[in-house]
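Next come two complexes built around chain A: one with chain B, the other with chain C.
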Partner chain A sequence: MVDIDFSLLLPELILIGGAFFIIALDLIFRRRVTWLLLPVSVLIVAFAMYVAIDLAGTVASTVMNTFVVDTFSIVMKVIIMLATIFILMLTDGYKPLGNAHQGEFVGLILLASSAMCFMVSAGDMVMLYVAIEFTSIISYILVGYLRRNPLSIEAGIKYFLFGAVSSAIMLFGMSLLYVLTATTNLGGIVEGIMHGAVNPKIVLVSVSLFMVGLAFKMGAVPMHLWVPDVYQGAPTPITAYISVASKTAGVAAFLRIAFWFAPMLDVASGEWVNILSFVSMASMVLGTVIGILQNNLKRLLAYSAISHIGFIIIGVIVGQEVGMIAVVYYMVAYLFMTMGAFAIVIMVADATGGYELNDYVMLSKRKPSLALLMTIFLISLAGIPPTVGFFAKFYVFAAAIKQGYIMLAIVGVLASVVGLFMYARVLKAMYLDKNDEIMKKPFGAIPPPSWAVVGLCLLGTLIFGVYPKPIVEIARYCCNLFGG
Partner chain B sequence: MTGLETEEILSAIVFYLLSGVVVGSSILVITLRNIFRSALFLLLAFFATAGLFITLDAEFIAAVQVLIYVGAIGVLILFAIMLTRRIQDPVAKSTTRSFILGAFVSAAFLFFLILILGKIYLPPFPETGADTEGITKGIGRMLLTYYLLPFEVVSVLLVGALIGAVVIARKEEARGGEPPEVALERERKDREITDSKPDGNGLEQNDRKH
Partner chain C sequence: MIGSINILDILKPELICAIVRVTPTHYLYVAGIVFCIGLMGVMIRRNAIAILMSIELMLNAVNIVLIAGGRAYGPKTYDASSFVIFIIAVAAAEAIVGLALILAAYRHMKDINIDDMSIMKW
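For the complex of A and B:
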């Protein structure tokens, strides 16, 4: 018999149940209660988040080690669910979606959140693969949700094709690991490799192929090609959702596996670190350099996301306690600043109808509050104090220097400096550029839930930017990984 | 020549024959211009894969492969092709300008894998319970014990995919209180407009900077 500890699975079960409840509610009342769906779904996610936080401190596994709960997984799940709540609130003000099929839209978002939570907690290759596919399939649907918009459909198809290829490569790596150890359990694999006389080269190849799937979810170079097109074509709340929640889930799974596999990769550690360093540096450089050339805000934020992944991977390379703290802090920072920036992109697009830099010209005159807020989020993304983005980068670089990865730190600092220019272009458009035509265009009203999201993100960005201690303390608890 | 050697040679011949069919028909699937023929070769690839499973003593997987892939999915694809207007047009190109680059990258990847994996001695696969209790029973037992959670999550995944498929294939919804007839009429008009364009999907018209 299998012992199942349902209390550990409760947050995921609430999300799944909530998704079907929302869809049923919409169908039973024949779409007459659409105004009710968003508040109810926000409550459901908040409840799931409360249950997850309630589990804090547990370090346990259930269903024969396929599902793992520790403080790290709980922190990551809370980030994912916070992102989900923000997205649901932003959906309210997002016009292109219209009123149609909101039940399904919200339901699918909740299902995707549960899938991401499974991804964070996976302790087994099959569980991880199913969770990744679950997240991906729901994301393809959400990305292509605007059926009438060719860009949205194109983004959906591109995302699907890239996802299918990376899944195939990942499955190949997984099958190699299974052949080597005759188990799919991640802990069992480490044990099998350590005790068997296995050629370190084949371990390196199989783990690298395995990680391709996670690199795809994170949007790290060289699996980044889908990022700009999908970010641009997807409905903007979904762009923000993929950018924050899906990436957090990918980083969480990546970090867990990197930490677990560390002893078995030790024999090939030089090459493994080289591979990761290449991915990290390529992401940072490519993200910032190509980001400078972008004139579309969604594409600009896409390249910004690629460069941020590079910084996060530095933390994974460093490993140990400092690396863990750096990564967890970075993810929290990333949630607040990226979500805030995307919220403003949605507001401006709803009010003016565009995502181009030209639509931001003279925003400081037309809507000074939005311009100021955008400035704060952008300087946080660039890593300037007194914002949360500064400490995120600071901890990553400090960790890298402490463990002797000087090269990574240097490339990182240079990339941040270049990245500054990328964000400064938006600031220039908002404050310095002149265009009298645009002043005549009306600026639409902004729905209150969007203001709430921006307010919360602003609080997170500024408070943790001045007083980072609480997050660092929580991150310290995360070091106690299950079985790690 | 002993009996064992003959058996090994025979199984090697069967393996390479089946693999050849799988690889060959897979290449035809992506290069043929007629999508209907592509689908038929896809069925052949599925079928040969089932044969590969049989050579591995995995009869259950082979049966499932035939039932689900050849039987259900393959026939579904054929139906979808036959029921879709204009999709059978032979003008649809299945190769792109980056064909040579893609072929080069794929070949390099294949070469790299052969180089690494060909040299490495794989340890003999450890005994599993499946040998004693039969593969079907073994799979069933594993699905409901060790793989219980992924198994259940897959069922939720399928429901989600189903909902998504319905949403994507839906008819236009009535907008803000208009009667369904009006919505249907608008959908019909939209479709006519889309159909009359030279390339209805409009993918070429986006100018994006990379």
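For the complex of A and C:
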């Protein structure tokens, strides 16, 4: 008989229960209460977030050590749930979705967020695999949700094929690790490898195959091909959701495994750092360089996301306390600035009907407030003070230099300089380009919940941009109470 | 019949095991080959359903590795067997979603050749 401590699983269980409650509500009242679904689901997620924060400070594991609760996992879960709340508020004004199947849409978002919380807390290969697949399968459905739109279907199929293949490769790595150590528990694997006489090359190959699945979830370079297409084709709130929540979950699982496996990989071989450094540098360079060529805002933000993952992996490579603080800070910054930028992309698309750079021409004249807000989020993404993005990059580079990874820091700084050009193209379109035709087009109304999301993201971007201490303290707390 | 020896005796399991000793490593070879066949299929086939079948092949290779490993380590844990059951269940769910997406694509383009799914590039 397995002992299950349900108090540790409570946030996830609330989200799953809430998802079915929403779907049932929609079905029982025969789609007459669609106005009620979003407020109720926001309340459910907020309640789950409150329960999760209540667990802060405990370091425990349950269900045969497959589910680990520590402060790091709770901070990551809070980021994921905040992203979920923002997405639900943005869905309110998203026109292409219409009123059809709103209950299922919201229910699936709640299920996906619970799956991501499981992923963050996974301490066992079985749990990790099931959580990753749970997240992926729901994401495939959500990406292909607009089934009358060929772009959405194409994005769904591309996401599905990449996801299925990379999870099969990840499983092969997992099965090799099982054969080497006779356990599926991540902690047990490290012990098995450290105490057994195992060929370091085999360990390196198995762990690399294992990491393919997580690299897919994060969108790091060898597995990045799905990112721009899925970002462009998916319904825009789902694009933002994949961009923020799904990547946060991937980074959290990746960081946990990299930190736990570090002793075993140090013993096995120093090659591991080289592999990760290549992934990190390739992500930063490719993301920024190809991003410059993009004319679609969603694709531009996709390449920007690839380059950000490169910066985050630097923090994972550095490891120890400084690396972990850098990664946690980066994830918080990433939540605010990416969500804000996507919120404005949704607003502009709802008002003008397009995602191309041309639709942003003269935005400073047509809607000065939106242009100013977009500018703030873009300079934050580029890493210019006084925004949160500056400190995120600063902590990553400081950590890399402190631990002697000079090469990574140099490539990172160069990539952020090139990245500046990518974001400056949007600023140029909004402020400098002239087009008299576009001034005559009407600019539609913007729903209040979207303004609320942008306001919260703006507060986060600016406040933590001048006063980063609270987040750093939380990150240090995460590091001291890291399970395993 | 040759003398007193029955030619069909060579099909008896005891005799086969005496000639070829099947160790867990042999299962790993088989699994590696099946996995590579699946990966090749994913890369060279252009029909979405055929790609789905190749992915199933890759997952089955993983199942062979896990079952062989679990059997070699004896009955003290059920880790491998439970992992395999999870994989089978999740693969079924994944195949359903995949087929639904492929069906939706077929309605749009009357074809499931993935080379034609290239509205978005770069």
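Note that in this section the second predicted complex is superposed on the first by the 477 of 484 C-alpha atoms of A that agree within 3 Å, B and C clash if a C-alpha of one lies under 4 Å from a C-alpha of the other, contacts with A are read in each partner's own complex, and residues count from 1 in each chain.
In this text, a contact is a pair of C-beta atoms (placed from the backbone, for glycine too) under 8 Å apart; a residue touches a chain by one contact, two chains touch by 3 or more.
Note that this is a predicted model, so its numbers are computed, not measured.
Novice: First (chain B), second (chain C), both or neither: which does A:144 touch?
Specialist: Both partners, chain B and chain C.
Novice: With both complexes overlaid on chain A, does A:108 touch chain B (first), chain C (second), both or neither?
Specialist: Only chain B is touched by A:108; chain C is not.
Novice: Taking the superposition on A as described, I'd like to know which of chain B and chain C A:164 touches: first, second, both or neither.
Specialist: second
Novice: Would you sort A:80 into first (chain B), second (chain C), both or neither based on which partner it touches?
Specialist: Neither: A:80 stays clear of chain B and chain C.
Novice: According to the stated criteria, A:155 is in contact with first (chain B), second (chain C), both, or neither; which is it?
Specialist: second
Novice: State whether A:376 touches chain B only (first), chain C only (second), both chains, or neither.
Specialist: Neither: A:376 stays clear of chain B and chain C.
Novice: Chain B or chain C: which reaches more residues on chain A?
Specialist: B
Novice: In the superposed arrangement, which partner chain does A:281 touch: chain B (first), chain C (second), both, or neither?
Specialist: In the superposition, A:281 touches no partner, neither chain B nor chain C.
Novice: By the touch definition at the top of the document, which applies to A:63: first (chain B), second (chain C), both, or neither?
Specialist: first
Novice: Output check: A:229 vs chain B and chain C. Expected answer is one of first, second, both, neither. What do you get?
Specialist: both
Novice: Which chain A residues come up in both lists, the one for chain B and the one for chain C?
Specialist: Touching chain B and chain C on chain A: residues 126, 129-130, 133, 137, 140-141, 144, 147, 150-151, 153-154, 176, 179, 182, 228-229, 232, 293-294.
Novice: Okay, in this complex, where on chain A does chain C touch?
Specialist: Contacts found on chain A: 125-126, 129-130, 133, 136-137, 140-141, 144, 147, 150-151, 153-158, 160-161, 164-165, 168-169, 171-172, 174-176, 178-179, 182-184, 228-229, 232-233, 290, 293-294, 299.
Novice: Mind pulling up the chain A residues that touch chain B in the complex?
Specialist: So the residues of chain A in touch with chain B come to 1-2, 4, 9, 16, 19-20, 23, 63-64, 66-67, 98-101, 104-105, 107-108, 111, 114-115, 118, 124, 126-127, 129-131, 133-134, 137-138, 140-141, 144-145, 147-148, 150-151, 153-154, 176, 179-180, 182, 196-199, 201-202, 205, 228-229, 232, 293-295.
Novice: Within their complex, state which residues of chain C touch chain A.
Specialist: 24, 28, 31, 35, 38-39, 42, 48, 51-52, 55, 58-59, 61-62, 65-66, 68-70, 72-73, 77, 79-80, 82-83, 86-87, 90, 93-94, 97-98, 101-102, 104-105, 108-109, 114, 117, 119-120, 122
Novice: What residues of chain B sit close enough to touch chain A in their complex?
Specialist: By the definition above, chain B touches chain A via 113, 116-117, 120-123, 125-126, 128, 144-150, 153-154, 156-157, 159-161, 163-164, 166-168, 170, 173, 175-176, 190, 201-203, 205-206, 208-210.
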